[in-house]
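In what comes next, chain A is part of two complexes: it sits with chain B in the first one and with chain C in the second one.
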Partner chain A sequence: MITNHSSFLSRLFHPERHSSSLIWLVLAALVIIVVTIVPEFVTPSNLSNVFVQMVPLGLVSVGQTFVILAGGIDLSVGSQISLVTLIAANIMGDSVLSILFSIFLCLLAGLAFGFLNGVLVHKVQIPPLIVTLCTGFIFQGIAYALHKTTGGYISANFQKVITASWGVLSMPFFLFIFFLLIGFYLLNRTRFGRYIYALGGNEEVLANTGVNTGRIKVASYVIAGVMAAITGLYLAARVKSGGALYGVPFTLNSVTAVVVGGSPLSGGEGGLAGTTAGVVIVSMLNNVLNLISFRFNLQSTFYKEILTGVILVIAMLFYRKRS
Partner chain B sequence: MSAARIRKPDQFSFFLKNYGIYLGLAALLAISGIISPQSFNPTGLLNVAKQAAGLGIVAIGQTLVILTGGIDLSVGSIVTFIHVYSVGTILGKPELVLPVSLLCLLIGLAFGFLNGLGVTRAQISPFVMTLCMDFIVRGLYFIYTKGQPRGVVPDNLRFIGRGRILSIVPVAVLIWLGVAFLLIFVLYRTTCGSRLYAVAANPRSARLSGVKNDRILIVVYAISGLLSAMAALIITGDMGAVSLGVGGDYSLDSVASTVIGGTSFTGGIGGVEGTIAGAYIIRLLTSLLQKINISNTGKLIIQGVLILAIVGAYSKKKNG
Partner chain C sequence: MYFEVKHISKSFSGVVALDDVSLSFEKAEIHALVGENGAGKSTLIKIIGGKYQPDTGDIILMGKKVRMSGPHRAVELGISIVYQEYNLLPNLTVVENIVLGNEPAGKNGRINWEHAKTFCLGLMERLHVAIDLNRYVSDLGAAEAKIVEILKALASRVEIIIMDEPTAALPEREVDALFQLIRTLKKSGVTVIYISHRLNEVFSLADRVSVLKDGKYIGTYQITNITQDDLVRWMVGREIKDVFPVRREVFNNPVVLSLRDIEDGKMLKKVSFDLHRGEILAIGGMTGNGQREMIRLLFGASPMKRGAIFFQGEKVTIHTPFDALRRGMGFIPDDRRNEGLAVTQSVRKNLALPSLDLRQTAGLVHEKEEKEVVEKMISTLDITVSSISTAVSHLSGGNQQRVVIAKWLPLHPRVLLFHEPTLGVDVGAKMGLYHLMRQFADEGVSILMVTSDMIELLRIPDRILVFYDGTVSGEFIRSDATEESIMAAASGQGRKIPGIGTMP
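So, the complex of A and B:
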């Protein structure tokens, strides 16, 4: 739908491809509401807390954005994250070489997971939802098998490097910004990025222009897999252990962050700017829920699941195609 | 007439598509006979059927949803919710069983109805809607139980899960087969059934021929919720205790039963009759794996691979 004189309201109800400015407005409004209702949100210690919670979700959502833009979905990222934390915790030693080798192996594992998903979606022509749901269960099964009651071993040096902080700045912050910038570059400045958008927009047309669509599709899942592996490594370092359930919340939360950020599941529209705002919104609301339930002495984990579900439904309602 | 009549595949693939599931069942039965001959007798096999009853009923609802091209990922949470809610409300009082059971069926229906509304009126894709519902219902049962479910299951509720007619045939199996045959009749012998296949196979032409697509879809999701609640009551009766871990596997298990039973994700192909065997196969597989000491871990992996293999084989056929 093309309108020359679009008012703010009509833009609000007909989000266009680059609607990231819009989602930042929503975020700003939310921040104002939150600060009025829950003033303790803006204390420095709480803000740094929000940030620590935000980084893993941000990392995994960068990968999820590529897949969703290309018209797919990856419901296996949560299990991939858990599995990677366990791989790291099982093989890591204390020497620099051993740490580097573990990181390399974990990234390779993420690459392999993503490749498996991509090949099943592209070559075997199974719908992405079914593929990643099933591979998710398979990864989860392997993670349970690797899980040890002790949580394995993560080198203290690795933890120090990954969670290092200098005042306001910290290593997690740089990690997130670094991968976000790489993602931005890939999506907005390269041919590959344009193909990702085109693939989600209309696969047939892209294929008719002579592009190998299969390769682009597989690449999107590989990116999601590698980002999940990086998330897993970060989580393993932060918690200093591996666990079969560490990744569970990230599957739905990453989809929520991407969709809230204005990239619909139909693909081809949206982008990382929106996703970043989506990540901030999801993390902020989760944190606010913690603060509120602390105030009323409630068990916040129980309400978090409801919150995630409700936000995603509202976002889908908001962005649905008007016919 | 059902849409299945219109397709005319060649003889062999027709045979495989319609009866392949029973070949698979026979093969699995033979394997289980070899692995544990001591439980390979009518009593043992009926026991598996009793364990499969709850899953069988959930899977019937799942089959209807998948037939329409959707998927219901909220059944697992609905089963757990109804399970903890019924036990926590009845609190061992036999006179409360009937009213609470009816209330539970209504609650299940309401969850399913909301799924249906989200999918049709709000145009949210089925798996997102039901995944969100899964999270919401999970949050609800955690809030309801505060993490510690309590209550006692009275004898008359235990009867529908554990009881046996003439001390041979489990009541649960009779309920399962009753529901299955009712829905087979509805699908193949009523206008409602052929409309469902029409909506599933080609929504546009169904709408143009005067079918109210949305209404059919809402009813299908509502039935799935209702059947999940019914299954939860049977499972509660069979267990006789209360636990938060009850429903966790039912989403994957019911999807697996449906797919193994020959219903396709593309919609409009398949039916409830294959799902009966599918659910039995899943439970037989579970008990076999337990016998050779492969825990839940192995079951997750095997089911994942199984669904991928079956869906993959089907999609290859379609392209080739």
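So, the complex of A and C:
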């Protein structure tokens, strides 16, 4: 009998290695606490609100997961997102052709951003943290240059399609699920996925095996770039404009979601199941803390920031290496 | 000729690692490659494996010149390397590691794990080994991991397999299994290039042996035509004189370190012994009977529960390495790369570290004085190094060990604790280290060493303690000890001989 390799169940039984399952327990506990303190969290309107907040973070975190699993990090995704919203807002017209062309160009841009990051990390051998910090500045600068005070133009038809909803179900929901499943398949069923984990585990070993590690590494950044572009397109559609600061929160939030989801920055461990939970936790915290501030009439946002930090530290306690 | 390297030279920032080395290998032979650390063996196999590019020279496979542009090229040509260092992914399972890079394709870009497992089981059957394929490699012991590495090396099409010190991490019976495996490989037409420091292995396994020394090729010999002494002579270029005389007079010296009923609550049970000034005392026994815990406890690296330690007659507590240092102890750990050295840093920084406090004012280091002290250490201990700013990682094992020892000297240690003093050190450098230890002892430094090397145990110390089950099970003046009597004590059969100065 061949056991299913990386099924969620098998990961659940290896919590020390695939800590991602643990985070679902944390999430469950958190939901129970939240529902007890602020029952209004579970109202349909609020839940759909949470969901809308969750989708862009989810999309970008899928890409970030690939990079972090491969032992890298991408701190430029936020600027990439902003830049993509502006590319879309600058070139999009109303015709189907124009919309498709804009989408194509935005995806191409994401691919190019990722490729640039990957090549700098692999060929030029600059540490990923530095590379993506620097390219992040560059992308941000270009974004400022493209920024229009009017917000540019995003076709209403594009917005309609991207934000369409049918009752509880919605286009954003399908988008997220779609890319999540593709990512899951790539990571857990294909050679490429094995190599991503192997790369994060020990690059030297993978290279000794005769695998071209450079390609895998560059591919991880390309995936992050394309996912950032998709996130940018979604945001542009939702807000119906482009903006140089739209992507800013997503850089650190995506890293947070991945790490809280059980993929350590050292790479090689964790996965998308955990990242999904991480995304839910990060988005939920934001929403719940808003509700709490409102309910207990707390005036300022600083409680929110402090509580977010405290709760994330508590979540991270689960991943401490037990000696 | 089946496989050749011709006129290979390679230097690293001016230091010649290989100097015009030519070697040839035949199909289906076991060809041993020997030489001291720093002789150039590792550099050579990294060139063959495509990890390094030679400065000059060619690699010729079946009459055709090949360019090893990278590890993937070597794999394509059927050359596999089992590296000395750990070369597995602990975050993946056994089967995932073995087929890494050769995953059988299934539908839609998937991996066919069923095929992968059948393949691995077949491979294991062929080589008469069995390891659960679904276990994570991080859960494997050193021996199992080494076997997985060999399986991994065999998972692609293999014509030539190079094994770099494969037995270093293996217990005896696993070594036999490995030898069986190597002979099976030879029978199936594979050329095995076998690198080892253990000459008896070379003699029981190899058809031919080639010797490298200081980056130069010395010669290739049929194993049946030579003796171990020949090999050693060619490797080190001199005869080795074996035995140091026991110095009985040290037993009359005052006791420097005295242990009474030491327990650590886990391994050690009522350990008592004395160490005299200028004495070399060795602790032997089967690995895992408390020797490691004992020496680490003395340096404050693991905690003590009960008992008393007296240092020059005064009762002391040693909770941390700092306490041990303050009492004048220096520790040379077995894992020198992780515990003894900052390998990426320079010789100077490593040597200066423990005694920084002696050469500073208000936190500022006296650079000039430091340089002088470091240079003096290097000349006193005869450390071979191109410059004091060379990174320690570039030194040979023997020279690294000298750095670990030298760094304690400015603190004028009364006691030096050696844990496996010559682990990973080649034959010639070993003798150098033994001489050094004797020299320290003659100058009045007391030496306590833990060793698992029987030859070392029977050659160097003045007195031998044998540990069994966490306590002293035998005590010998070295000249009275035999391999048999030590083995008897090490397996718990020996009588405790009322010793010299152990009883109060």
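In this text, the second predicted complex is superposed on the first by the 281 of 323 C-alpha atoms of A that agree within 3 Å, B and C clash if a C-alpha of one lies under 4 Å from a C-alpha of the other, contacts with A are read in each partner's own complex, and residues count from 1 in each chain.
Throughout what follows, a contact is a pair of C-beta atoms (placed from the backbone, for glycine too) under 8 Å apart; a residue touches a chain by one contact, two chains touch by 3 or more.
Small disclaimer: the values here were computed from a predicted structure and weren't measured.
Of the two partner chains placed around the shared chain by superposition, chain B is the only one that A:137 touches, whereas chain C remains out of contact.
In the superposed model, A:306 lies in contact with chain B only, and not with chain C.
Touch counts on chain A: comparing chain C and chain B, the chain ahead is B. Judged by the touch definition given at the top, the superposed model places A:191 against chain C, while chain B stays out of reach. By the touch criterion defined above, A:127 reaches chain B but does not reach chain C. With both structures placed on the common chain, the touch criterion links A:201 to chain C but leaves chain B unconnected. Contact with chain B, but none with chain C, is seen for A:265 once the two complexes are overlaid on the shared chain.
When the two complexes are superposed on chain A, none of the residues of chain A touches both chain B and chain C. The part of chain A that touches chain B in the complex is made up of residues 120, 124-127, 129-131, 133-138, 140-142, 144-145, 252, 255, 259, 265, 299, 301-310, 312-313, 316-317, 320-321. Within the complex formed with chain A, the residues of chain C that make contact are 49, 51, 70-72, 74-76, 81, 83, 87-92, 96, 100-101, 103, 105, 108-111, 113-114, 117, 134, 136, 138, 152, 156. Considering their complex, residues 71, 118, 122-125, 127-129, 131-136, 138-140, 142-143, 146-147, 252, 255, 265, 296-301, 303-305, 307-308, 311-312, 315-316, 318-319 of chain B touch chain A.
Interface residues of chain A facing chain C in the complex, by the touch rule stated above, are 2-3, 5, 14, 17, 189-192, 194, 197-198, 200-202, 204-212, 268-269.
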